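The letters A, B, C and D name the chains in turn, as written, and every chain counts its residues from 1.
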């Protein structure tokens, strides 16, 4: 079954890569052929994923290559099949969405290139997750980065898109260099690049080397995932890409980095690792989560707001994985399995609702041709479906019950609260502090998405663009609809997801917890310690809410006896309200900016142009607030300055005089002769 | 060839090589351009003499042919071309230098010591007759290289290059009794064409930059 | 067994709905008395609700379906949160459906939709209220989770029924008062902030500079306003119940037999009204804080709850 | 077998002389097409025959083993596409009246002789004749560089001439010392300078003499190969020469110079052991990559940009060969891919030069929009030269890093960071040129030459893509033969 699905997937994607390039003439054919083939490929991918999850023994195939050290080998164990499933489901939904969205690019950009790159992107991501050989993993990884770069710079006539693309390309390449170092150190130990050898290396790695491997993997995969110090490229690159691509970038591509981390830490380095590793991952996760959401709050470009939220959610995922690693280092296998399972569950959830939100933002962008939220408003009336799906995404990402975000964030909370079983005192305290930062992040995310949804969709349209917006085409709606349905399903039916995840965490941590995680016949989740410790059941909550709302409705009607409803102007102290009097996104977050000003270091600029006659009546006011790009200022700019300064100083060695060049040769000759003599 | 006892033979070869080295120093010490060209002609003559001597002592005839070629090309043809270039370019006699003469001579002395130090371990490998003049050949090569760096004029760079060629030719005759004939021919042919091309270049540079001072040729920066 | 559980759940819902307006009335009565005036009767809120239910509903022309859906979602989420908290019996039937984190996030669901409704009408007041609630909520909820959890540690669980059940049997409460006191103080501040009482927000005013909760519901009228008023009363009762049952659960029925439950219910009613009186007294003593002083106060609550957690470990060793 | 060798060497010589004699332009062009086709066929034939078999000799003069056959392949493919490109490029100059037919014919005579000299150098058995052939190619290149007779070309030509001659002279002295030591063992015979004999007696040669000889050869031919610190002539020569010439210089001449160093390395390794030569080559290689990576950032002329990239890639190949073992496999693979990618880059640059008639980097933007084929050629070549996967350079850079890591981890870290820096600097300029809106219209290129230019680019790109992910079988066998050649434990057939 898996081979068949694999073949379908492969033919689908390769068709998708070739077809658009061959049909030169009309963009619609290119669009349909590319995204149709992508959909077929994704279906194949889903088959492979499901097959892999249910199969007992991992499916393995390897083709030797003529290059030494490189074998094109693929292995489908539960972990990779989960991620293949993730990529394919999101890929399928986005492919359907793209059919409508790409129509906006006809005539302006080459649809053929966009379509074939899209398919190449999906194929390379699937290969990254399936690769079973270090060299082949690096090859697929670089291919993925290269193809995603060309997708990000589709609209390369804009200067900031080019800058964002280049910044992204350099950062991923730096990341790849570190990943390459990780595999090099494994190669040094085991003598071959195959993951099989990494997994069963004869003697465990010496202490110093395994720490180097840990740090190199964290930096390498962290650069792609966007953990805090290395996240600066993400809010540039993801918004710059076309929305259906940024949905895949943010939703799925950074998850391949999480896959990499889990593979290296849990699969290769093996369970007994020092305690401080888990703590470092936890700390990085907590900081990324908090700073990610804080910068997201200040962002008024909808897509970069979502990009910052990716940084936040990666932080939350790392919190789960970090907690898992800490438990593992203290030998609490079942708790480690819980932490890892929570992290993976949140990975799936984030992929789905972040993808949905970006598709929603894309729909808004295609109608209003701007990404600035201050120019949206009242779109819920003209675009009801998009509003509905965006609302479902917003509820899920803010982790409100009974959504899927809530389930995974609840599991991560529980794994952090189980810290009292750890013997070491410091860890006992650190994990709850991590939980407090997660709580703060969760609620700030709620505020941020209330702002995003409220300002964009509700009240009156603030600009002419927003007024002319119309509902998007059917394909875009179905794309979003599929993801919204999956979002709700993941929320209400954790009992389906948990056993599948358990098949992954059992081999990695050595403890199967599906049994005691699902109690009351799978109705509710109880983390490991049984029901009286803690349990939540989103289906039950959903049912109770579903019962109370109609009862309240009937009760209100019966008690009141009237159903009359009158529409009238909103009360504006007697003035008739204009869109300019509505609350703006900047206004909405001003209290938050003021409370956390030490982190933001805002600079406010207010210029007022007074009337000639009197100083008390202003003709025009220009207000601008800017948040200090801390990391860019103190981390990236110095590096760039240093390199260009070095280049300027070194320029002098090519000074143009023939005598100088002759002297170079003369001195080198003398030195080497002395050396050889 | 038993006519001359071997040690006297090697002393005579060393004498000729020493004369060659002295002429090298003379070229470095020259201030005027035309004197440089004459000194080069003299050096080539010494070189031909050495080659002839080696041919005489070892009886390998094709070295005679090489010696005759040296006289023909390096003593007569090339100096005449260079003289014509010097007149035509009416470049003023005075030679601008990167390195003044005393410092130049000091460096050449150091180069000779260095050459001896490098070649010393290889000496026992060579033929008894000519083995210790291999280090002189390397010294001449290095001094030629140094003159190219020390002098600014394009013509002096050519002369430096030709001194290096002389060093090479001496090395070939001394180290291995001359390369196989076709190789000798090839080397001579290449040297001749190289000088021709350099001559053409200096004409064009003179027309384009109306000066042959190579330090002016530094427009192409990093 | 199933039927008895459902009956218990319905009973708990009815009791919650009935008692909550009384609590609001009681607090208003206490404030009036302290201001040396007679004040409305304690049952006045019931009359207000009945009046509001009968009135017509006026909806803003700018508003969307979110405006009309929010009262129901707010009412439902607050009532569901209420059903998860043990009132008169420690083993609450719906206990398996959620623990303290679920209660907090259910309340957050209500706040989320209230913020959206505030923005929906398009007036400056609604936006101002939503923006202020955003910052207040983002500081109170972490404090709430951590304070309850600090107490939960003694019972070794985050499930409210277990915490109440264990503390009710006098097991953990006596051993380490300091963390518990800190957690209690933090939760009390959170109660004042979440339900919009005086130091944080003045429930009785319509002055746009000071109101936070009122600003968001300014546009509501008729049965929607009634539901929202009822929901905020429910929320107040929920917090008071948490304060009383989690920290001092003595007298609560530990097994679900009718006699004990009735006694537990009575004890609960007394405790909650006592707390209501205390809140009334606090409201009369303090003036309303400036908005950015409120955030410092809530910062204190957050740090207190965190310290409670840390002290729980360090002191017990 | 000898037919293909003779064909390979003879065609360029004949077509060079032919293009001098023939008057009419069209006939000369036809001659060039023929030469390109025969070159490709002969190259394929040589590769097929030498493959795994014993080295092929033709009398005492020619000796083609796996390494020479590899270089023949590089010279044949890039020579063929280079000729096509040259006909297109010069034809356009002729149509625009910048060139007389006489100069056109002179160019092709020099161009073909230049190619012939390199082919001879690679296939000849005698070390001294190889030197003569390389000297011949230097002279031809010198005249070609100054072909356009403006001030900059003259200066570049002069520097190339002086530095090249000095390099060649040093290499000759190295050859003399090698002859000196081999004669000590073999006696005064004419075949003391033939590669097979040298390999046979390599173990009995005097170590110190071979060390000194290798130093001279490394400095001499290193200057020809553009290895730092002897690289200074390379950027000027490549920037000022006509683009087909700079493509030939970059792809072929540097590779032939590296070939010469490798020949000496095989001898030196058997005498002195791989450590001495390895360390020297790794040191100079690292220096080249460092200098090139940093100076790439400050470039303002796109041909100089690709010149510095050549210095970097030759440095990488040297490091590869310096490591030995899998490094040799990677180094040879690197040379072929670099030649293909670099020539494609120069073809693209040449087309842009024809269109915009200036070489300023920051005035050229929006190439993908304005000139799709030239733009994509430059972008694909840039991506390949940066070492990104679908192309062969990625695999070779990974293998070389693995090799250096096994030798000394510190060197591997430095090497990897330099590669990342070079990646960033090269792609910064290439992508700035390719993306965005075109600012200058420039002058349209004639239809005839456009066909020729795109033919050259398409052939190169398809070759580059075909061998990107999977090496064809007979090429892989040849690479194994080369690795065996450098393996000191194994005797030379």
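Brief remarks on what is shown
One rule holds for everything that comes next: contacts are C-beta pairs under 8 Å (C-beta built on N, C-alpha and C of every residue); 3 or more make two chains touch, one makes a residue touch a chain.
Fair warning: this is a prediction, and the values are worked out from it, not measured in the lab.
Contact with both chain A and chain C is made by no chain of the assembly. Minimum number of contact steps separating chain B from chain C: 2. Each chain's centre was taken as the mean of its CA atoms, and the one lying most distant from chain A is B.
When the C-beta pairs in contact are tallied for B-D and for A-B, the bigger tally goes to B-D. Centre to centre, using the average C-alpha position, chain B and chain D are separated by 31 Å. Mean C-alpha positions place chain A and chain B at a centre distance of 71 Å.
Centre-to-centre spacing of chain C and chain D amounts to 79 Å, using the average Cα coordinate of each chain. The centroid of the Cα atoms in chain A and the matching centroid in chain D are 45 Å apart.
Shared interface positions of chain B, i.e. residues touching 2 or more other chains, are given as 118, 121, 145, 148, 157, 214, 217, 219-220, 222. In chain D, the positions touching at least two other chains are 158-159, 162, 166, 170, 208, 212, 235, 295, 298. Within chain A, contacts with two or more other chains are made by residues 651, 653-654, 658, 662, 669, 673, 677.
Chain pairs that touch, as defined above: A-B, A-C, A-D, B-D.
Residues 60, 118-119, 121-122, 125-126, 134, 138, 141, 145, 148, 154, 157, 161, 164-165, 167-168, 171-172, 175-177, 179-180, 182-183, 186-187, 189-190, 193-194, 197-198, 201, 204-205, 208-209, 214, 217, 219-220, 222 of chain B are the ones touching chain D in the complex. Residues 378, 380-381, 387, 395, 398-401, 406, 410, 413-414, 417, 420, 425, 428-429, 432-433, 435-436, 439-440, 442-444, 446-447, 449-451, 453-455, 457-460, 519-520, 523-524, 529, 531-537, 540-541, 544-545, 548-549, 552-553, 556-557, 559-562, 564-572, 577, 579, 581-583, 587-592, 594-595 of chain A touch chain C in their complex. On chain D, the positions that touch chain B within their shared complex are 126, 128-129, 132, 135-136, 139, 142-143, 146, 149, 151-152, 154-159, 161-162, 165-166, 168-170, 172-173, 176-177, 179-181, 183-184, 188, 190, 192-193, 206, 208-209, 212, 235-236, 239-240, 295, 298. The touching residues of chain C, counted against chain A in their complex, run 50, 53-66, 72-73, 75-77, 79-80, 83, 94-99, 101-102, 105-106, 108-109, 111-112, 115-116, 118-128, 130-132, 134-135, 137-139, 141-142, 145-146, 149, 152-153, 156-159, 161-162, 218-219, 222-223, 226-227, 291-292, 295, 302, 305-306, 309-310, 313-314. Of all the residues in chain B, the ones that touch chain A in their complex are 98, 114, 117-118, 121, 145-146, 148-149, 152, 157, 214-215, 217-222.
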